[in-house]
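This structure is in structure tokens; I'll ask about it shortly.
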Amino acid sequence: MSECVLAVRGVSKSFAGVQALSDINLEIRPGEIHCLAGENGSGKSTLIKVISGVHDPDEGTIEIGGVVHKRLTPVEAIAAGVQVIYQDFSVFPNLTVMENLALNTELASKRKLVNWRRFRRIAEEAVAKIDFSVDLDQLVGKLSVADKQLVAISRALMSDAKLIIMDEPTTALTKKEVDALFRIILDLKARGIAILFVSHKLEEVFEISERFTIIRNGRAVATCLPEELNRRTFTQYMTGRDFEDAHFQVGELPPEPALEARALTVTGAFSDVSFSLRPGEILGITGLLGSGRTELAMTLFGAYRPDAGELLVKGSPVRFSGIRAAIAGGIGYVPEDRLTEGLFLERSIGDNIVIAQIDQLVTRGLLDRERKTASAAEWVRDLKIATPDPENAANTLSGGNQQRIVLAKWLATRPDVLILNGPTVGVDIGSKHDIHEILRELAGSGMAVIIISDDIPEVIQNCNRVLLMKAGRITDEIDPGTVTERQLAALMTGESDQEGKH
Amino acid sequence: MSALFQKVIRANEFYVFLVIVAVCLLIQVRSGQFFTANNLVDLANAMVVPGLFAIGAFLVIVSGGIDVSFPALASLAVYAVTRFLVDSHYEGGILLPFAMVIGLGALLGAFNGLFTSRLAVPSLIITLGTANVFSGVMQGALSSVQIAKIPPAMAEFGRSSLFVATNPVSGLTSSMPVSFLILVVVAAIVFFLLRFTMFGRGIFAIGGDESAASRAGFNVRRTKFWLYVIVGVIAAVAGLIRTCGMGQMHPTNLLGMEMMVIAAVVLGGTAITGGTGSLTGVMLGTLLIVIVQNSMILLGIPTFWQQFSLGLLIIVGTGISALQIARSGNGLRAVLR
Amino acid sequence: MKGAAVQTLLSRSGSLRALSRDTHLTRLLVMLAVLVGFFAIVKTEGFFNLLTWQSMAIQFPEFGLMALGVMLTMITAGIDLSVVGVANMAAIGAAVVMLGMAPRGADPATATGAIAVAICLALATGAAAGALNGFLVAKVRIPPILATLGTFELFTGIAILITGGKPKSGLPALYGEVFAGKLFGLIPVPLIVFAVATVLIWLLMTRTAFGTKIYMLGTNATAARFSGLNTTSLLVRTYTLSGLYASLAGLVMLANYNSAKADYGSTYTLLAVLIVVLGGVNPNGGNGRLLGVVLAILILQILSSGLNMFPNISNFYRPLIWGGVLLAVITANHLSGRRSSHRTSKGQGQTK
């Protein structure tokens, strides 16, 4: 087995009595594309940190290129050919591409002085490895996300990497960019470089991974080939639970729409968007990154002002002057990025829940603290937020519970229309299931719900209608009962590739 | 060539330069005295101390911090050295005072560096603390008083000049101090340090993204520590130049200068959030402030307006660049910013 | 009825628990106790003298009021470095009005009227100056540290322009008698002003929506906007309050010195920031307690007054001690924070 690039044998690691990893075994062969899957908090980040030398294992060994290590420093890991590409890519936005590419190499060879000509040579060599065409004098901060990732990959290759670990590499990429990334990865594979993907989404990496290792609660529960996996088994391995895949059944709908868009246009984002939404419906809006789906949501929420077209709430036309006007008009919005746009991590769960309706809790100029506490307690109970005390800070909770806080915040404003942008991104599967249940109940009680998501199974199972957005326009309306996931995926990506070729 | 031109007109420094030219022309038109040899030499003379301080403040701001302790640091270092030399009736050359001030500046800078490199507390807060410690040591432990008679070598250095410029009309003369060379040399050394050493690139890298810098292999702690040592040395040298130039040690003369110096650095286009900025910009920003302050007399404006105009300059200068940043962002996102 | 009682009991026990969990507050309390104990033992006579306490109570409201304003701005993740400029400008404005309306020898009724107008003008000046800060921070989006640094120069500049750099004195005697006087000959009026101002801030922070909102804004400005908070108005109101409190501090200084000058209280900027940080307010916003800041004000005042009782320790040691205390506290916080972050490193990893 010494032909393995990496062999993790019986690794255990605990933090302050909490067992983060127990008896993990993982082998990666040269040129293999391996996927490490697991829910948030399953221990996959800890495992990566052990492999890259950030944490020392309590037990077990790490074998890299035939050398067995009991403990490893980050420098040793890099020297042995292990490179990690973090989710934030670890680049310097204020420096040029050239410098970003050359600094690591120069630091590794312990240079004290800067030779700009050598910097340029190193950078040219680095981009040549993956045929990456980029202006070396451009600031990295001005590049697209995909290009930043390519900078990180080229940089990783400079140190003679044998194994590249990529942490959630496709999350922020468009479909075309993902395809480009996969081509590069296949090229690396051909050169014998192994790739370890870290992901919690099967769809992302299914087409390219050759083997899967799934960990749960710090244990490797399965190592298998792609043909042995489907979404159901994948979910079972990830969560240890089995979920029924039931479609949402819409009830009887009143004729009056809750929200109606007529030829809504925001220049540069989307144009001529029309749809109507009745109370009790769950409308899906799906499309790739950059299709205009987020901008549409933000416009409905009053954050952007439409340049043309009309928006009607309960039959009367509205022009929201801003977010506050939209909230007053009965719109709620669960944003795309929970951590930066939704949560106040260091503040209490209760404050997080009541903040959007806090002005309603004021009597005679003073905050009614009893009503505030009661309201928070009520939502904690109703949404089953797992906390002993709503006074605890929001960052004491897991991703799923945090998302419930954001949901509670909007439900507390008693909206007529609730818009959710990526409602279950980064949420573990159990919570995801619960959140879907809640949304269905809300629709059942007469709320109009919009789910914006590129998670195809999510929209198919939970919506009664799905609108497909492409390049800023609604191109299709789909009945989820009659379309398979594969067909929807094809619709989403198929034509846009052709558009790209024009 | 046109690419170079593009780069020039896109640079922040270019606009500061334009403002300086406009201000100069305005003063020239109003007074007719701006472009005279002695006025220009006076300006160069007035640039030396703020210019040195600005270089130090610039280094810290690029690394993502803010230092408000350098005037107190300089005062303490120079006071201690002057006191010691006066008390021991020092009659020797200027080299020993410089060596002692540099050593003490490095030591006090290391004190700053010790905290800033180890604590995850904004450096504004830390240097606020050390500034108080420095001025407390000077005024309390050393019970500082004005020293009217400084060692002869220092006074002589303060009087020494490279050349004397005479205004042909008024007959006023101004001499270019030797210390101007020190500003030039320090600026050149720092330029080299930032541009051609891994240490210098490390300062930019840390200002850009500290955790990325440490992952890339920079020793963030060590870099920050030595950065503050260097800034301490530069500040102490500036303090010594001021004392020599005045011909007496006035312990509180420098205190309060930090605001004006930071303003100069920011006006020169250095991002207060760290990571970007240029020495050219810093020198231009300092020049702008020095011109405005020095030219009030030429324009016949009472000196009472000095502080008011400095405040206005800071607000307008930083306001314009803040609005530029807001505009340059994605037009749609701007709604939310 | 019963439910409500249980609720209040629960919330009260919650805040009790929060207190015991807040190690920083505990540390400040211990520090205060040690200081009081030390001076009580070493300088028993001077320390238990009523005069010592009265002079302390006259002094600390000057910078204490400024610190309260700075605290509010720091909770919103900003800072207000202009408080001393505002205080001097407001005090000079008040002095000019008093001197103009009630020159030396004016009858008491005129003097009273002049004082009332002057106070109103000073407070309005402070609020307007604060609103300008808020506008620059919230609308023009200048980083708070630079905006308030600029307005500090601006306000001080205006103060110099009005006075020509000279002190304004010769105020109606009534003003000093009232504001630097003692209620029942016992409680100094500045202390009362400070106490009332503190209670108002406490009400604002804990009993109004505004209080909750500024904490939320300081924690995450983007999420605050997404939650429908009017961040511009919140910031403008916060800085306006800070300006108002600074002008109140200016009025106290005017009474204590019986004159106004553009460069009075020049060490107070640093002192106010120092107090707020020492009091446990997070410079990155969103965190901090009023109680901590009040404790920090008391600690610094007792420390400096206590040291004053040692004749061979000069006043000039004060900055050294202030700076030393600040460095010691942030170092201690860092060390204890590192220990606890080791314990919770797993939990933090989850939130990432």
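Residue numbering begins at 1 within each chain, and the chains themselves are lettered A, B and C in the order written.
Rule of thumb we're sticking to: a residue touches a chain if its C-beta (ideal position, glycine included) is under 8 Å from a C-beta of that chain, and two chains touch if they have at least 3 such contacts.
If you're wondering where the values come from, they're calculated on a predicted model, not measured in any experiment.
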* When B-C is set beside A-C, which has more C-beta pairs in contact? -> B-C
* Most distant chain from chain C by Cα centroid -> A
* Asked: How big is the gap, in whole Å, between where the Cα atoms of chain A centre and where those of chain C centre?
  -> 44
* Return the distance between the CA-based centres of chain B and chain C, expressed in whole Å. => 31
* Junction residues of chain A - those touching two or more other chains -> none
* Could you say which residues in chain B touch two or more other chains, in rising order? -> 336
* To do: For chain C, jot down the residues that touch at least 2 other chains.
  => 222, 225-226
* Asked: Inside the complex, what are the residues of chain A that reach chain B?
  -> 75, 86, 88, 90-95, 99, 103-104, 106-108, 111-114, 266, 268-269, 295, 298, 303-305, 322
* Structure fact -> In the complex, the residues of chain A that touch chain C are 15-16, 18, 20, 40-41, 45-46, 323-324, 326-327, 333, 335, 339-347, 351, 354-356, 358-359, 361-362, 365-367, 369-370, 373-374, 389, 391, 395-396, 398-399, 402, 409
* Residue ranges of chain B touching chain C (in the complex, touch as defined) -> 66, 68, 115, 118-122, 124-126, 128-137, 139-141, 143-144, 256, 259-260, 262-263, 266, 272-273, 304-312, 314-315, 318-319, 322-323, 325-326, 336-337
* Asked: Where on chain C does chain B make contact in their complex?
  -> 81, 136, 140-143, 145-147, 149-158, 160-161, 164-165, 222, 225-226, 266, 270, 273-274, 277, 283-284, 313-314, 316-324, 326-327, 330-331, 333-334
* **chain C - residues contacting chain A, complex** => 4, 7-8, 10-11, 14, 18, 203, 207-209, 211-213, 215-216, 219-220, 222-230, 286-287, 342-343, 345-352
